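Got some structures for you, see below.
Each of the next two complexes has subunit A plus one other chain: subunit B in the first, subunit C in the second.
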Partner chain A sequence: MTQTTLSEFQRAEDSSRMRSPWLQIVRRIVKNKFALVGILVIFLIVFVALFANVLAPYGYDAQNLDAKEQPPSSAHWLGTDALGRDMLSRLIFGARSAVFVVLLVTTVNLVLGVPLGAIAGYYGGWVDALIMRIVEILFAFPGLLFVFMIAATVKPVILGWARANGLADLARSGYLDYAVVIIALGFVGWGGLARFVRDQVMAVKVRDFVLGAFAVGVPTWKVIYRHILPNALAPIIVLLSAGMGFIALSEGYLSYLGIGLQPPNPSWGNMMAENAGRYWRTFPQSIWLVWVPALILTSIVLAFAFLGDALNEALNPEISD
Partner chain B sequence: MATLLEVKGLKTEFHTQDGIVHAVNGVSFTVDEGETLGLVGESGCGKSVSMLSVMRLIPMPPGKIASGEVLFQGRDLLKVDDEEIRSVRGNKIAMVFQDPMTSLNPVLTIGTQIGEALELHLGMTKEQARKRSVDLLKMVGIPEAENRLDDYPHQFSGGMRQRVMIAMALSCSPQLLIADEPTTALDVTIQAQITDIVKRLKRELGMAIIWITHDLGVIAGLADRINVMYAGFIIESASNKELFANPLHPYTLGLLGSIPRLDEAHKAKLTPIEGLPPDLIEMPKGCPFYDRCHYRTEKCGTANPALELGNVRHWVACWNWQSVQKQHAAAKSS
Partner chain C sequence: MVAIVVRRLLWLPVVLFFVSVITFLLGFYAPGDPVQVLLGVHATPDTIERLRHEYGFDKPIFIDPDAFGLAARELSQGKLPLNAIQQFFDTQYFRYIANALHGNFGYSLVKYRDQPVGELIAERLPITLQLNFIALVIGVSLGLPLGILTGLKRNTRFDFTVRTFTLVSISISLLALLPILTFIFSRRQDIFGIQAGPILPMVGGRLSTISGTDFNDCFGGLAPTLIGWGVQPENIPDTRIICLNQLPKLVLPILIESLGYIAIMTRQMRASLIEVLGQDYVRTARAKGLRERSVLVRHAMRNALLPIATILGLSLGGLVEGSFLVESWFGIPGVGALAVDALYAREYYIIVALVLIIAVAYVVALLALDLIRPFLDPRLRQVE
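Showing the complex of A and B:
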């Protein structure tokens, strides 16, 4: 009896020794069914985006005016649009646009939001006041209005600059649309992250181990990034994950409204916009052209929401109980 | 012995919305190489603030070191640039804090945290720092040191964490260790273990120690000299033996009267010190202990006494220390 208790005790000891915090987090996420579905969807989209040129049967801008507005067939699984472009191929390349925009906008948000928020939270005083006033200006505009404004203002500036510098081809190509979308979403989106990081840093910086780090002679910048920020990492990850869905959706909005990615650039948003105009005339095959991109976009937003929730529970277990 | 640290007229204040809090009011003392100095006083008397001022770790604002000099090996630490003070912190002067449960970073492994000072000050590589960290953990008596480097603080008990803190503090072989109530948050048995470890390491490594505490019982077995602080002043300073045998300040007497003793013949009643320390925002003109003092005279309310020599290497800041000494001696013999 004593023997078994002892060995059980030993095993419990060993398993607690083995458990790194990250492994525990992964284990908690895997237990969540919704999170698994979310991760699966995200992986699928990223996979399709990476291998779009292999997976897509046609080019995203390949027109075939002899096969316009066709219903689904063996040649065109999801039919064709008004210019005879293969819908499936456009959707597949649309994933590439979405992933590209989400990754770059998130990077811009991170690069601006985390350092500015950390500086504001750590130093306080007028530095904090200045940065937070800028953030409040961003927040003062309702929803995506500011994004639309920036996108609409920035676009002619960028196109003008490209033409003036002998880059007329580039201006015509539509690649600059990506820059417009990324600038607009990137420069508006960092505010929430900055404010969040600031609050986290303010809460962590007064803890004893921060003073301890200074007492060891660690320089201020290193105390911030090595001792303070890692303690705020969990909620930052949650926020980023939830934000990615919103960025994908925002790119959809912008492109739907015609100030984001323009056709022939493949964007789920502009596909919906193009085909919605002909919805009743081309009914019922327009169902494919409008609802499939809409459903994909919805599932991405949901996938990131599920993942965000699961991360939140996995990283802050005391809250979820 | 050569002087290691000399603090002269140190004044630290905090600028708050309610006014200026005078936390440390012109404190002067020295620490010799290899000496253990006890710094005793109740909460808020400026013990920790004066030590944080020495390390220049007072948050500014709201804190401000208003005046004074902190001469460490002849250099005024209050005047050197940021880089230089960083090269002193954790390297020449190290600190152990009160609460081991909160003083370690919860998201970094023990190995990372011990290694940080080694990489920073001694220019060690990660592997070298790891090796040295194992030795340090063994030195403070942590079993299976190799296996525990990759553990996180929550996997250690309070006493073990304080050992880790001591290992961290001693990693660069500092000349001065400032221990800010390192045993206050621990059980009595663990307290004894930690003080034993520090005593042993001091014998082995020979660093000077400033041990901050509110517990005269802890300091009695440790210190060479004891400074008693009250309301931001040092009010009595003597060797360990002298202070316990011949206390001259009414406050020190009060402190001694409020600790239980095992060697007392009859069960003496503990006598608490009535009242509260003065408001540090509006400091009294006279002696800060005036309101609570049984020996006060008219003079005490009007002028604050400076430290004066009361016995051999025994300083006291009290106008009436001679009569205090007489009355105390009479009470003792009766």
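Showing the complex of A and C:
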């Protein structure tokens, strides 16, 4: 009898400690096994990306022509490609490329999409009409082809700028490919986010606490920034986390098609493209080199999809009965 | 209602104008000079200048500022500014658009030397349309029933399995799917030393044995081919045999393309059915004692299908866009494969034309949808 009361008391105590909304969200996510696996995968990739130069046994562009097209061995755990580059090292540095591109593209989308969406949703009228018409025009373009056109046009501009400013080494190094990919994907991606933020803001701005904030004389920008956006935040986070996987995938597609990161740069997409060519000729060894990057890409997209689903349910408990 | 329709119709040319301007300018500023490509490295500046003039590349790109001055002069002389208008529209952009409206999208410069881009696209478009249409039909006919079933039996094991399948098939990249499925279907005997039978390698194989024109003769009307092996083309006696051999090879690409449609249809159908089943009018229908079947068909489904109509409309607009990876991987001579070839060869005329055609298809589909929707959903008729 006393036992039960005590444990009940403790449970009540625990639940009061867990009442913080963020802790509750974390607890709901942790309960979801798929989401846990997703988070684990994402952490692993970020960890590998951060410590790539420590973890990788060789450089991503270090060629050893005496040991090309090797099957997996103790020296090269995942074998080597046609130029004698260690596959494992390239995969590890590929994680760095992917994380870098995903983070920066998401940032570009946020910086463009959230303010424009918030302004459109808040002010309505012709501002809303203008911004939404721009988004509509953006949506009319076929995604990948449009990205290609942007990348093709932006690249010479950036290269010319780098050369003119005494950065010829940088122009030669291939680091500018990252800028091209990020600009192209960032420019295409913000439309969906802006439309979404706009709908959220429109729904929130008529609620009582917003009217209350105006009534006590809070300036407009502060109402948007402090009161409206935080309350529209949950669905935006869900959208972003689901979108990150597809940004990684888009980078893979672009690099696979030869538009994104160019071959000396490590990217899972261009590794597949390089090795898929040999796939049809010398089959049994090089199939490995195509599958491993493909499976890593897939698992990242899945990880973000699971995380997005779990976040969706954790942030909107009322829809997941 | 009428106001909305009129506004949409007026908006269409504006969208198309901006889309075409942006596409044209991006293509124009992309690296590579078509005249230089045509004439090669040994061309004299004189020849280059002459060809440039012949093709109109020396004209202003988009807007001719001199036209405004001319218009002011003509107006001050009391004449209609006809010459100014003519000069205004005599720029590269407007010439391109005028040509494009006549089906002339320029010429391929490198890869398909001197072939008109319009012709290149026209002979590949039917193939892509047919493939995508079959994939869409499969997607709808599998996705809708799956979505309804999972929506009705939510949180059961069946629901869970189907949801996982759709999530995986949305997330799994074609980059991963293509090598794996091809491996399973076509090359397995290479590694295990087993002959997998005559069908499997054919299903996974590439269509590399026939060219685009053969494909058109063979599948020019893939649907009639599927129904009754089509009409026998005149000059090629053994087309039917080619067709018979090639047909199994279409199984895998169609299957892969339909996966995405299946997943989207299932998820959307499930979500909208669940949402509709929670509505008051469904409870009312149940409360007044209607049979469950009648509640579902008459009350729930008719509303749940509305978002599906939107997706279907957009998918129909998207039929024009070939899948780059699927078509180039399996050697299907469609629009997607053409786009990939154009990417590799930096054929900007082809890319610009493809972007324009796909964008027009999308915008027109969107417009048609907006016009049709009030007929499907009476609630939309009362807006404004």
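In this text, the second predicted complex is superposed on the first by the 302 of 321 C-alpha atoms of A that agree within 3 Å, B and C clash if a C-alpha of one lies under 4 Å from a C-alpha of the other, contacts with A are read in each partner's own complex, and residues count from 1 in each chain.
Keep in mind that, in the parts below, a contact is a pair of C-beta atoms (placed from the backbone, for glycine too) under 8 Å apart; a residue touches a chain by one contact, two chains touch by 3 or more.
Note that the coordinates shown come from a computational prediction; the quantities given were computed from them, not determined experimentally.
Chemist: Between subunit B and subunit C, positioned on subunit A by superposition, is the outcome a clash or a fit?
Modeler: They fit side by side.
Chemist: Does subunit B (first) or subunit C (second) touch A:258, or do both, or does neither?
Modeler: A:258 contacts subunit C only, not subunit B.
Chemist: In the superposed arrangement, which partner chain does A:152 touch: subunit B (first), subunit C (second), both, or neither?
Modeler: Touch partner of A:152: subunit C, not subunit B.
Chemist: For A:209, decide between first (touching subunit B), second (touching subunit C), both and neither.
Modeler: A:209 sits against subunit B, while subunit C stays out of touch.
Chemist: Tell me which partner A:227 touches in the superposition: subunit B (first), subunit C (second), both or neither.
Modeler: Touch partner of A:227: subunit B, not subunit C.
Chemist: Would you check which partner chain A:218 touches, where first means subunit B only, second means subunit C only, and both and neither mean what they say?
Modeler: first
Chemist: In the superposed arrangement, which partner chain does A:245 touch: subunit B (first), subunit C (second), both, or neither?
Modeler: second
Chemist: Once the two complexes are overlaid, how big is the angle at subunit A between subunit B and subunit C (Cα centres, nearest 10°)?
Modeler: 100
Chemist: Subunit B or subunit C: which reaches more residues on subunit A?
Modeler: C
Chemist: Tell me which partner A:38 touches in the superposition: subunit B (first), subunit C (second), both or neither.
Modeler: Once the two structures are laid over each other on A, A:38 reaches no partner at all.
Chemist: Once both complexes sit on top of each other, what is the least C-alpha distance from subunit B to subunit C, rounded to whole angstrom?
Modeler: Shortest inter-chain C-alpha distance (subunit B to subunit C): 8 Å.
Chemist: Counting contacts the way the document defines them, which residues of subunit A are shared by the two interfaces, the one with subunit B and the one with subunit C?
Modeler: none
Chemist: Please name which positions on subunit A make contact with subunit B in the complex.
Modeler: Checking each residue of subunit A against subunit B gives 16-17, 21, 207-209, 211-219, 226-227, 230-231, 233.
Chemist: Quick one: which bits of subunit C touch subunit A in the complex? Just the residue numbers, please.
Modeler: Residues of subunit C touching subunit A: 11, 14-15, 18-19, 22-23, 26-27, 29-31, 167-168, 170-173, 175-176, 179-180, 183, 187, 190-191, 321, 324-325, 339-340, 343-344, 346, 348, 351-352, 354-355, 358-359, 362-363, 366.
Chemist: Can you list the subunit A residues touching subunit C in their complex?
Modeler: Listed in rising order, the residues are 133, 136-137, 139-142, 144-146, 148-150, 152-153, 155-157, 245, 249, 252-253, 256-259, 269, 272, 276, 279, 283-284, 287, 290-291, 294-295, 297-298, 301-302, 305-306, 309.
Chemist: Touching subunit A in the complex: which residues of subunit B?
Modeler: 55, 57, 86-91, 94-95, 97, 99, 102-108, 116-117, 120-121, 147, 151-152, 155, 165, 168
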